[in-house]
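Shared between the two complexes below is chain A, which pairs with chain B and chain C, respectively.
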Partner chain A sequence: MKKLLALLFASVLVLAACSSGGSTKQTASDSKDVNEITIWAWDPNFNIKALNIAKEVYKKEDPHLKVKVVEMAQADIVQKLNTTLSSGTTKGLPNIVLIEDYRAQSFLKAYPDMFKEVTGSFKADDFAKYKVEAGTYNGKNYGVPFDTGVAGLYVRTDYLQKAGLSVKDLQHIDWNQYIEIGKKVKAATGKDMLSQDPKDLGLIRMMIQSAGSWYTKKDGTTPDIANNTALKEAFKTYKALMDAKIVKPVSDWSQFVAGFNTGDVASAPTGNWITPSIKAEASQSGKWAVVPLPKLSGVPNSVNASNLGGSSWYVLNIPGKEKAVDFLAKTFGSDVDFYQSLVKEIGAIGTYKPAAQSDAYKAADPFFGGQKVISDFASWTNKIPQVNYGLNTYAIEDILTVSAQNYLKGKDLDQVLKDAQKQAEEQIK
Partner chain B sequence: MNWIPERLRNCRLFMIMFLISVVMIMIVSVAITWTMINMSEKFFIEKFSIMNTKVMDKIQGNLESFDNSVVTASNNLLQSETVKSILTQKESDVNVYYHIGQKLDYIKSLLNNNQVGIVLIGSNGAVYAADSAYWPINDEKLKNSRLIQNTLKEPKRLMYQYDDHLTNDPFGKDNEHYLVASRAFMDRLSGKVYGSMYFVIPESQFRTFYSSYTSLGNNVFFVDKMGTIVSSNETNFIGKKDKHLLLHAQEVENRAGGYLIKKFNGKDQIMLADYIPYLNMYMVNMVDKKEAIGDLIDKKSISFIVLAIVLMALVIVFFSSRRLTNSLSRLVKQIDNVPKYNFHQYVTETGTYETRQIGRAFNSMLDELHDYVDRLMQAQKQQRNAELSALQQQINPHFLYNTLTTIKFMALLDAKEEMEATISALISLLQNTIGNVDETITVKQELDNLKNYVFINQKRYGDRIKVNYLVQPDCLDQLIPKLILQPFVENSFFHGFNRKTDGYIHILIWHDGSDLICEVVDNGDGMQESEDGELPNTQRKQQLFSGIGIRNVHERIQILYGKPYGVSISSKHGEGTKVRIILPKKCCKI
Partner chain C sequence: MIKMSNLKRFFIYLVLVIACMISVFPFLWMIVSSTNKSVDVTKGSLLPGIFFMQNLHHLLISSDLGTALFNSAKVSIITTVLAMLVASLAGYGFEIYKSKAKDLVFNFLLLSMMIPFAALMVPLFRMFASVSQTVPFMGIDTLSAVILPTITTAFLIFYFRQSTKMFPKDILEAGRMDGLSELGVFFRIYVPTMKTTYAAGAIITFMSSWNSYLWPLVVLQSPEKQTLPLLISNLGSSYSPDYGVIMTAIVIATLPAALIFFIMQKHFVAGMLGSVK
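== the complex of A and B ==
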């Protein structure tokens, strides 16, 4: 009996050794390209979660595809892409990468042949125009749209009430009206109207995009600063905000979040992606509302809609690209149910128009006093003016940050913008 | 010569045991030491490789961010319309130089102010440079160099090359080497190449990205695909070609997460390597194995400790196995001697449990043997005794009817008194011999018997033969076997006086030390002594008083008392016979 057992044991061992040796080699060699795709993205609470939902959804399409999601800081992704793409190798590149819309054009221009064109794999008309434009280069679609950065004005209704105002008074206003309201609120409650990080010109970006303008001209390369009326008006408004003493200065993201979570500021004009952060302070439930972003006064084509941030998916031109495109097309590119789960599970709003009709988008949110926030954001999304973010958004913003400070210190605005224009031309032209 | 194998034979068991132990201890300790040293060496190397992998990751981080700045700078140049027009237009003026100077200043800021020279070459033949003083190459030479050829061959790539023009130039500076990152100006959409750009990094600058991680015996090498050592903290290797290093690097790289131990520069090195795709080079980290772990494992002291332990173990084994085998071989020696010398010598029960048991078993076997032999002898003795006593009890009927015939004649002669004396002598003789069942009797009783017997004989045959009794008075109470003297007296009566007609018989009893000595001496015919001193056989049975002959007496004494006792006869023809009986002194039992 013992002998028999020993023999059995030995033979099992031998078999196991044989089989393990054989099978691992096979899987490694023949099906890596086909059965596995890698995706790089940042922000585990937002982008990575969205990817994981997409992964689950795509399992119905192709249960054998292994989707490897790698989380990296955005700066690292940019750096790794740059070094790898410029060296001409494809080793270590992912199949899909998330790129911020502001940076997309510079990548597409520098390495057009390294990205896989996705034109036709999704219906571009079903997405917000401004979003599709961000991922389009030379008339071809490269980006599959992900989240919208549609901006809104988050306001504390209780503070408004104290100042004798209501949400109605904030619908479709311009920034000058906003400043006046801010003064009233500060007088009534002692709270600042908003917080600002002087290093971050997000507010100015929202203002100029609401007027269909950007730091560069339509070609994406020529700086458009000195003669940009929208930018000029935005700078003026920015100074007016500061001069009205209704701005609480902050130095980083966590202070920015703390500003509204602690109730120190009465409003936050920013992208919709801030919703989870605002809702994080449950005690403020029912005290918030979202209204359309103010428009620039004195700029005729400025609308009460703009964008801040947002990113899209890009497929790299390496083996496995067909699978990667299919993965994106069947999830982010066309699936209403998928967009509903995105809204429900992480509050991420896409730019896919058919999804706006879905139940999840139309749900009322008790935190915002029963307002159909998602639906509102979705409708504003379609109004966002389309601009070409160009190649050098951040390079120009670095220059403008200094300019803004000079202007606030009292330098002449025209001169400030002229200097910035010159500097920008030297650097990027 | 003979004593050596003898001694060896005695400790053969010990020798075998000890030798086996020695060999085993040696094997075990050597094996354990060897494995231990190997294992710890492996452990240290593994630790080292993990540590150095991390270091290499850090170096990679430095390189990557540097490369990123070069990429950003090159992208900026590539996307600049101004640069494109300057590099393609036919004529250039001062203004162009101003513009390009401004641009290059900005580019330098993108390069984080690293010590990098920048050279732009346009398709129109124009060359613009910033800080190219670092790089002593003239424009003509550059235009014909391998650098530019390689760059234009793969216009999409940002490539890093080792600039070997100085090593080929006999007048070049020997102490500086250069890495050149180059990229072609190419319109990606049209595919048109309109120039090329060069970022010249002095090797000493490149070295700063990793030099803080190196130390004596811990070196970093950058090897390009041609096998040229492009950069290293070991400066005298820079610029040299080493195909082996490249091969090693490829081998290490292909071993996932591993390291190799290779000979380089005549020393064993722990080698780690990473392929850096954007540099298209291998980064090789080499740690001098001797430097790194040579001191960690003190082989000398380990071997000393092991040697000491082995010696100690050997000493212990020597003594303990000696003790074990000693008791055994002593036992063997003792057992060996037993049949040779002495059955009575018991072995000593010492040593370990086993040898004690064996000794005990052997001893009890001896005991049993003794017991058995004793019992056997006892049985034989008893048998013999029984025979003898049966003989003893037997009064020869001849003697009786001869005696009775004598008495009848006395009655006829009417010698009443004589008759009565003879009858009473016969009565007490019969009483003492047949009636008394004791085996031994006192000397006094034996003398009485003798006297009666002699008296009867003298009545029958006349008193020509005189019998004298000379007995030490304190011997009278000594015990002697019954009828021990009678046969000899009888013998003297009937055989000693065939030719002589008269004579005497002396019976002497005395003690000498622990012995009781009886002698029957006659001055009769004497006899021819047989050569072997054997006692003569008596033939005439009818003459005997009892069944006991003189031969039996000797046997009986020896059975009863042992070898030293017995009968000896000396006789001379014509002079008489002397019979000496030696017995142990035995006091009468009360």
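== the complex of A and C ==
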């Protein structure tokens, strides 16, 4: 018993020591050397490379600033940010973090004081409107735009030829025409038109944004599902695609990539960031082209341009924030030459309008039969309808994934969407 | 009769062979994939390729594999040694010494097994963040922060207590008679007799520490401190991941754990049986 008591006392002492340590304010991080900024980002071939180019460029501005780039998977960044921010400490936070546009609003809303406002550090008018909107909360800019997720329809020209078609037949079409073309291609070549992962509603997301609509209303919180004409049409189109038997089902990302690498599918409607993956199969050089994404039929404001993914830079409200803002403003925020290097060296397309006039954007790509792909993407970027991605894109999408399956199995569409609306309203409050 | 038993045996082996294939296939695929290019991996190639060295080369230049291996080894070994010491002492104490409060404390301990780690993460992080100022070597972004919360688990203490139940207590009494101190009894009599229990416990702890992902992810910040699972996760972070390289890294990460398991397999089985009896 004595021993137990002794143990208890000892543990109490240890705990006390810990808690008294906690009450001393965070002096160490305040006095931290602010000549170093830390940045978290994912993808070594894309975001990290872009940062390293920015680092080089910024050396001319401030040769003394040390920029530490930390590479982490996107899911890991989300996890770390959430844990650190919700624990209320700033210890270990980076100065700049890359956040996917779909997730940005929820971070800005959940931790309003933790992010530094960057309004005025770059000219918002110089960037694609939809992109600036993604990083704006309560009328203030928080995100410095980076890559566009501008979508296009990647097509195999050789398969089209076999079906007696050409790239011209795919310019500015709608999804119903796309399905008809898909049937022809399948009849002529035996290949499916596209692949789809039933767990990933990226296609639906692209469709509704092309009509300026989203899962939530303009306020970013009210679910907009049951009476959303664009979403309804997107679901109908999704089912029509499936019913036409021109879709190759895949179960994950690697199978999706394999779909076009092996030549099993004739097209891929997706974001421009897929280009490196498409080019990875060098034997298909010259057999690909990119055309504008089809629009929704029957929805008058749907256009042949949309977006899938993309992310922006956010500055955290911790010591070193002024330097971090300056770093972003003078690279991603205003430097045309920098954007040219991004395109030349990593194929990353920004949303900075002045860059679109530069030579690098106008270069022809032999892999795509000499098409000026970058320039095409840049011009579509400016046509992407602006939507508020809101707070719950992925939460609602989880609900809709199930709804889509129910609908495909034959349930009534109105009922399916009504149920989803109800479920979404109950879940997010 | 003989025919019957042969038939029975045939089915038993059939089931075993199928089970074996199911459990071994992923490993086989992993090893095969590490010798292929990314494009071939996504195509689902099951034939070994010739790109292992190239994948390894890419892995070595694109990431700091050596440091991650070293960090993982350091964390796992220290965790295992400390965990064995602390958990066995606790398990031993719970079983050998008599006290009324004992069962109450033990029940609390078992209750803590019910709380998922995700729920503890934020408070734990806060604790380490606040310690950071006063005791920097124990704060956020240190390997000790990775090690400390895992050096003992309710499961391990429970496991050692169960194993101690069948330990012949008369020997302890004999040791005390001969003038050994309480700690002397523990280290000179208990520890040597419970070798198999320690082996099994060590394997479990080492494996879980070696594969541990969530807590190191949250608490470690600098790239030079990352452990292997974090490095592998980073490799997959790309929009167009190089699956060949990832598989090579996974093979390298699996080898030490697999080796240790095979070496200590005999003790492991014996230890597990011991605790069940």
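Assume the second predicted complex is superposed on the first by the 396 of 429 C-alpha atoms of A that agree within 3 Å, B and C clash if a C-alpha of one lies under 4 Å from a C-alpha of the other, contacts with A are read in each partner's own complex, and residues count from 1 in each chain.
Note that a residue touches a chain if its C-beta (ideal position, glycine included) is under 8 Å from a C-beta of that chain, and two chains touch if they have at least 3 such contacts.
Because the structure is predicted, anything quoted here is derived from the model rather than measured.
Asker: After the superposition on A, what does A:Gln255 contact: first (chain B), second (chain C), both or neither?
Answerer: It touches chain C, and chain B stays clear.
Asker: Mind working out whether A:Pro112 is in touch with chain B, chain C, both or neither, as first, second, both or neither?
Answerer: A:Pro112: touches chain B, not chain C.
Asker: Name the contact category of A:Ala73: first (chain B only), second (chain C only), both, or neither.
Answerer: It touches chain C, and chain B stays clear.
Asker: First (chain B), second (chain C), both or neither: which does A:Gly92 touch?
Answerer: both
Asker: Examine A:Thr84 and indicate which partner it touches, taking first as chain B and second as chain C; both and neither are also allowed.
Answerer: The answer is both, since A:Thr84 touches chain B and chain C.
Asker: Looking at the overlay, does A:Ile428 come into contact with chain B only (first), chain C only (second), both, or neither?
Answerer: First partner only, chain B.
Asker: Spot which of chain B and chain C makes contact with more residues of chain A, would you?
Answerer: Here the partner covering more residues of chain A is C.
Asker: Which residues would you name on chain A as touching chain B in one complex and chain C in the other?
Answerer: In chain A, positions 79-80, 83-84, 86-89, 91-92 sit in both the chain B and chain C interfaces.
Asker: If we count contacts the way the header does, which residues on chain B are in touch with chain A in the complex?
Answerer: Touching chain A: residues 64-65, 67-68, 71-72, 74-76, 78-82, 99, 102-103, 106, 154, 156-159, 183, 188-189, 277-280 of chain B.
Asker: Could you pull out which chain C residues touch chain A in their complex?
Answerer: Within the complex, chain C contacts chain A at residues 38-39, 41-44, 62, 97, 99, 101, 105, 121-123, 125-127, 129-136, 139-141, 214, 217-218, 221-223, 230, 233-234, 236-241, 243.
Asker: Across the complex, what residues on chain A touch chain C?
Answerer: Answer in residue numbers: 1, 3-4, 18-19, 21-24, 26-28, 38, 42-46, 70-76, 79-80, 83-84, 86-89, 91-92, 253-255, 257-258, 261-262, 273-274, 276-277, 280-281.
Asker: Would you mind writing out the residues of chain A in touch with chain B in their complex?
Answerer: Listed in rising order, the residues of chain A that touch chain B are 78-80, 82-84, 86-89, 91-92, 106, 109-113, 138, 221, 391, 425-429.
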